[in-house]
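Take this structure first; my questions come after.
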Amino acid sequence: MRHNDRNHKQIRPIEIVPNFTKHAEGSVLITVGETKVICTATIENKVPPFLRGQKKGWLTAEYAMLPRATEQRTIREAAKGKLSGRTMEIQRLIGRCLRAVVDLDKLGEKTIWIDCDVIQADGGTRTAAITGAFVAMVLALQKTEGAEKRLVKDYLAAVSVGIVQGKGALCDLDYSEDSTADVDMNVVQTGNGAFVEIQGSGEEAVFSREQLNELLDLAEEGIKQLIEAQKSIIGELT
Amino acid sequence: MRHNDRNHKQIRPIEIVPNFTKHAEGSVLITVGETKVICTATIENKVPPFLRGQKKGWLTAEYAMLPRATEQRTIREAAKGKLSGRTMEIQRLIGRCLRAVVDLDKLGEKTIWIDCDVIQADGGTRTAAITGAFVAMVLALQKTEGAEKRLVKDYLAAVSVGIVQGKGALCDLDYSEDSTADVDMNVVQTGNGAFVEIQGSGEEAVFSREQLNELLDLAEEGIKQLIEAQKSIIGELT
Amino acid sequence: MRHNDRNHKQIRPIEIVPNFTKHAEGSVLITVGETKVICTATIENKVPPFLRGQKKGWLTAEYAMLPRATEQRTIREAAKGKLSGRTMEIQRLIGRCLRAVVDLDKLGEKTIWIDCDVIQADGGTRTAAITGAFVAMVLALQKTEGAEKRLVKDYLAAVSVGIVQGKGALCDLDYSEDSTADVDMNVVQTGNGAFVEIQGSGEEAVFSREQLNELLDLAEEGIKQLIEAQKSIIGELT
Amino acid sequence: MRHNDRNHKQIRPIEIVPNFTKHAEGSVLITVGETKVICTATIENKVPPFLRGQKKGWLTAEYAMLPRATEQRTIREAAKGKLSGRTMEIQRLIGRCLRAVVDLDKLGEKTIWIDCDVIQADGGTRTAAITGAFVAMVLALQKTEGAEKRLVKDYLAAVSVGIVQGKGALCDLDYSEDSTADVDMNVVQTGNGAFVEIQGSGEEAVFSREQLNELLDLAEEGIKQLIEAQKSIIGELT
Amino acid sequence: MRHNDRNHKQIRPIEIVPNFTKHAEGSVLITVGETKVICTATIENKVPPFLRGQKKGWLTAEYAMLPRATEQRTIREAAKGKLSGRTMEIQRLIGRCLRAVVDLDKLGEKTIWIDCDVIQADGGTRTAAITGAFVAMVLALQKTEGAEKRLVKDYLAAVSVGIVQGKGALCDLDYSEDSTADVDMNVVQTGNGAFVEIQGSGEEAVFSREQLNELLDLAEEGIKQLIEAQKSIIGELT
Amino acid sequence: MRHNDRNHKQIRPIEIVPNFTKHAEGSVLITVGETKVICTATIENKVPPFLRGQKKGWLTAEYAMLPRATEQRTIREAAKGKLSGRTMEIQRLIGRCLRAVVDLDKLGEKTIWIDCDVIQADGGTRTAAITGAFVAMVLALQKTEGAEKRLVKDYLAAVSVGIVQGKGALCDLDYSEDSTADVDMNVVQTGNGAFVEIQGSGEEAVFSREQLNELLDLAEEGIKQLIEAQKSIIGELT
């Protein structure tokens, strides 16, 4: 058994609070275990320069952590004057994943801005951000674009899986597990089980095809539960 | 009457949730009307270079807003690569005010980091930040330094007051009032009513000594109520 | 008596040299005691993006110190690649104050750029900058806009006051006084005695309502003398 | 058949020129089809601050493209003053992969700097960089550390695979293929076939478990050939 | 005799490889002794804002060194986030020199971008860059603008000369000579022997008019040989 | 005759006001025609990292222009967040020239900071800066180091010369002449007539050896007069 009484397949308790803040078109507070992320979606009536005049929309995502979201205080990126590589990597990932399930051609010349701000971190912040951002986006589209079905192709959720020393393959790692993992993998899937993104890497370690398959099986099961949680908030995409 | 049924003296409903996040030594979510700010206090066992070896502590504050804390999305300062003048002004103010009520000589060679992150803005974010940050700081000192009394000289709270066209002098302006104010003043006081900071400015307008006095009277009364709210969380400074 | 034989009410000798440099539409060298600031005003035939098409003007101010304006050399902000919080705070203050006495609606789609460059610092650089910049601005408007009366609502000058350990309330602090002050306050007033800005703060100290009033009385008297000096250069605003 | 007469399994012609520049401890020019990357390895006798005193080494990688490596000139990141998210992502990937096959504990307090500079780009620059950088690193370790076997655990090479509209799964995409791909995946493996990194993403598209397996099979075969090319330069790791 | 058996007048072996990379309109690899620079020329169909609508072209140059072009690794300017003064000085020099031999009025509203990237440095990188960039530019103009004669007024090449302790005046200094030189001078001339630029400076030393003349004589002779090498690639400017 | 009744050899009226500001160890206001530059010299008791422990001193220079030193307002480099290439080029030149006449070995582990701030520009700001900075430096060394003779090898002054369309070779160009010059050259010489720096460049033009010699003759004569002006302030270097 893992600490907190989870077996290797179990994801942490998940809670999604819709409309967490009042100004954004869509917003949620997503809680996965002790990880908490505020996700908002903003609909803007213009597109970036490279898309102007193409009658197509865009979606872009930003990600940040409050300084004391972490055990040790981290310096603000605004104070340093630049984004870290980790932040850039994560916000590119979030944006890419959401674009895979939105019909940008039908959106028209609008930009969806996704903002994911981690207020408390305990592992899996990027996957919680994706899972929460999807809900915030659907809420925003429901509010501003009428029926969202036309625009959203499928549900989208993400989970981290990994191989932890002495514990084998685990689903939904918390920080204490993640920081001792040999292999760390983020998996993003749609409601019908298709992959949108797989990012697996050995941390000064390597992994076999068998281990890969074991991890993907775990991820698939976890993501199904996350999508159930999404459905309980936003209902069926009709 | 003001919208929301307040008279000119009334402050908005205030709520302070202690220990809002788990990693920080001290943290609160302060809600003043529709303005919500997460304030955390971190105690670090070193001081900035200019104080090393002086057996004295330091306190520094940072302030930010989530992009969709505001009605229109604001660009992240981390993305722009620099802090705005407004942000710098506010974080210098917060730090200066808190330093006025902390005995830095007795703190020893430690730094108190205050982080104020606005998750929803409706006017008065800097004064809410000061009022909340004081509580987060005391919680952190209670937890890490034993009895905080030795270190904290007095309570500290802040309110904005202003002269609004057609409504005269008002206490605790919300955004709709603030954006039509001729005169805007932030007042910071201690528990025994001494001033720590007064910042009043005409917005393309001017004000008389009488108006100044009227505003200060309003502020004094509002701040007393804010300090009561603080006491309900942290108790008497004994 | 204060050093330099001043009593607590006395401001330092003030000199304003008009047309100090040849390219600017308006320029002065203002000397207050040993503090010397070059202030220039530039009239530009366009407004910032947020004002375009509104038939309204704008005024913006910048402030800097030469590296050896101070006793110890300070690093250039251009070399560091960013403005300090202090600089931002000061230039926002200068701009806000001058905008309070200019009729921007009548100016038309023009921007007044105020540049204040401290070539020698001995306390009170921001108040000297405001007092000097007002004259530079009026000179520029006289030269380019014909009669300035239409555009300038009133005179504007600033002074610092403070409570210094063992000396009580003083007017127009020099650096040696300022660096030992418990309370420091900048007061900006118009020709008819209305306030444009009050910024008072305790430096790890606090102050009472009585002390506030004493400081404001001192400031009022000092500002009257500064405005007389302005009048000797620019005459009556007719 | 693909353009250039390749079948879906075939990688492009590969050439690795060792000791391409004279100052670096190790350097190669790697050519994969029309993609050309200069990879150098530098051994520095110190480690970054976070590792000091731990008797452990470090490896870090940087990546850039010459402005005219691409069909359209790209602006220099040095001129823009910051690295793009893409660059950061790639250099973090290169570093992470190489660290997986180097025994940093045995290296001692040294840093291996990997520099990958693309002088001509035609798809697959990051995978060519990894494959070339591995050789440069081994050359540098052979030259400076004596027998490299002690330090290098296994060979390391990378290839891109993808699903291209109308052509199915392909190995080693060139730019024309990559820019029309629905799914794009970078696979990094060791000499014994273990995975170090898998990064697969749908470009506004998704993919199934079957497609994933097909892509991994293609990658495995391609990487074997790349490792043969590495062996022809650096020989067996003995 | 100098090391490498050169007498004081002799330039190092020079090689210019045309069309070194495939995407640029013009490109060369220029090798002068052990100094190697990739020079590319890009023709862009627009001009910078300050020239728009003037029916005139522009030429601008950028220069960089790969991190391990030098004996010790140099930090990337993109990683530091700014260009060094040395880089700015060199790229301004390259641009100014090339503009002296191009008829920008006849070019029309186009910009020629010159990129010089040093892949191996052994002294004289800026002069090699100028000599190589001229060839890349002519190749680009031949390819895109038809006969280049109309646009290019004359050949252009550069050499460094200097006074080295114990060796007197020398032509085409390599790094070991340059780093011990008392006087260092870069001379840029056209095919008919006219000067475009002279930059001579004493390195904590001074020089006489006679020494200046001796250096200019050496430079003139060296440049003639460099221009012969250019002619062997691009032929006569007809 | 040139405008202002100068012949081609004549330099503009020069005035050097010593001790222009009170805090710097040495300071002057140098006026050359309508060009005015404040030059200060600061002696700091440490050296940059690359010189520590070598018992040798250093000298470094910085240069800036006030925004309205020029006919059109120029944007502050501090506001833009970076130095222009022109500024970097000039401050490197000033530092290099002064280092040529200072005995850094005898200075000991100290740094001389030179600051040149142009308050009014009318051509020749960099040469005026060099000429004035030399005086400020000597004043600072006289004040802090006792007899400066030990440290300063010779006088140092600079002038610009150029070839102006329709007027031939001219000495000490003002802005109206400089902006129409075909060839522009800055010459820096010592008291005994040796060269420290020559920087000549054709502005989209070229020049012959004869023209070069004519310009150098003019410069030599002008510099002699500048050095006389320096001597009238600082006396003989004894």
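Just so it is clear, A, B, C, D, E and F label the chains in written order, and each chain counts residues from 1 on its own.
Throughout what follows, contacts are C-beta pairs under 8 Å (C-beta built on N, C-alpha and C of every residue); 3 or more make two chains touch, one makes a residue touch a chain.
Since this is a predicted model, take the numbers as computed values, not measurements.
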item: Contact distance in steps, from chain B to chain F; value: 2
item: Third chains touching both chain F and chain D; value: E
item: Chain located farthest away, centre of chain E as origin (C-alpha); value: B
item: Interface residue identity across copies chain E, chain F - same or different by half; value: same
item: Approximate Å spacing (C-alpha centroids) for the pair chain A, chain E; value: 51
item: Centroid distance [mean C-alpha coordinates] between chain B and chain A, Å; value: 33
item: Whole-Å gap between the CA centroids of chain A and chain D; value: 28
item: Set of chain D residues in contact with two or more other chains; value: 81-83
item: Chain contact topology (line, ring, star, complete or other); value: ring
item: Ring order of chains, beginning at chain B and proceeding to chain C; value: B, C, F, E, D, A
item: Chain D partner contacts - residues on chain E that touch it in the complex; value: 21-24, 27, 34, 36, 38, 40, 42, 44, 62, 64, 66-71, 73, 76-79, 81-83, 87, 113, 115, 117, 119-121
item: Chain D partner contacts - residues on chain A that touch it in the complex; value: 82-83, 85-86, 88-89, 91-92, 96-97, 99-100, 104, 154, 185, 190, 194-209, 212, 216
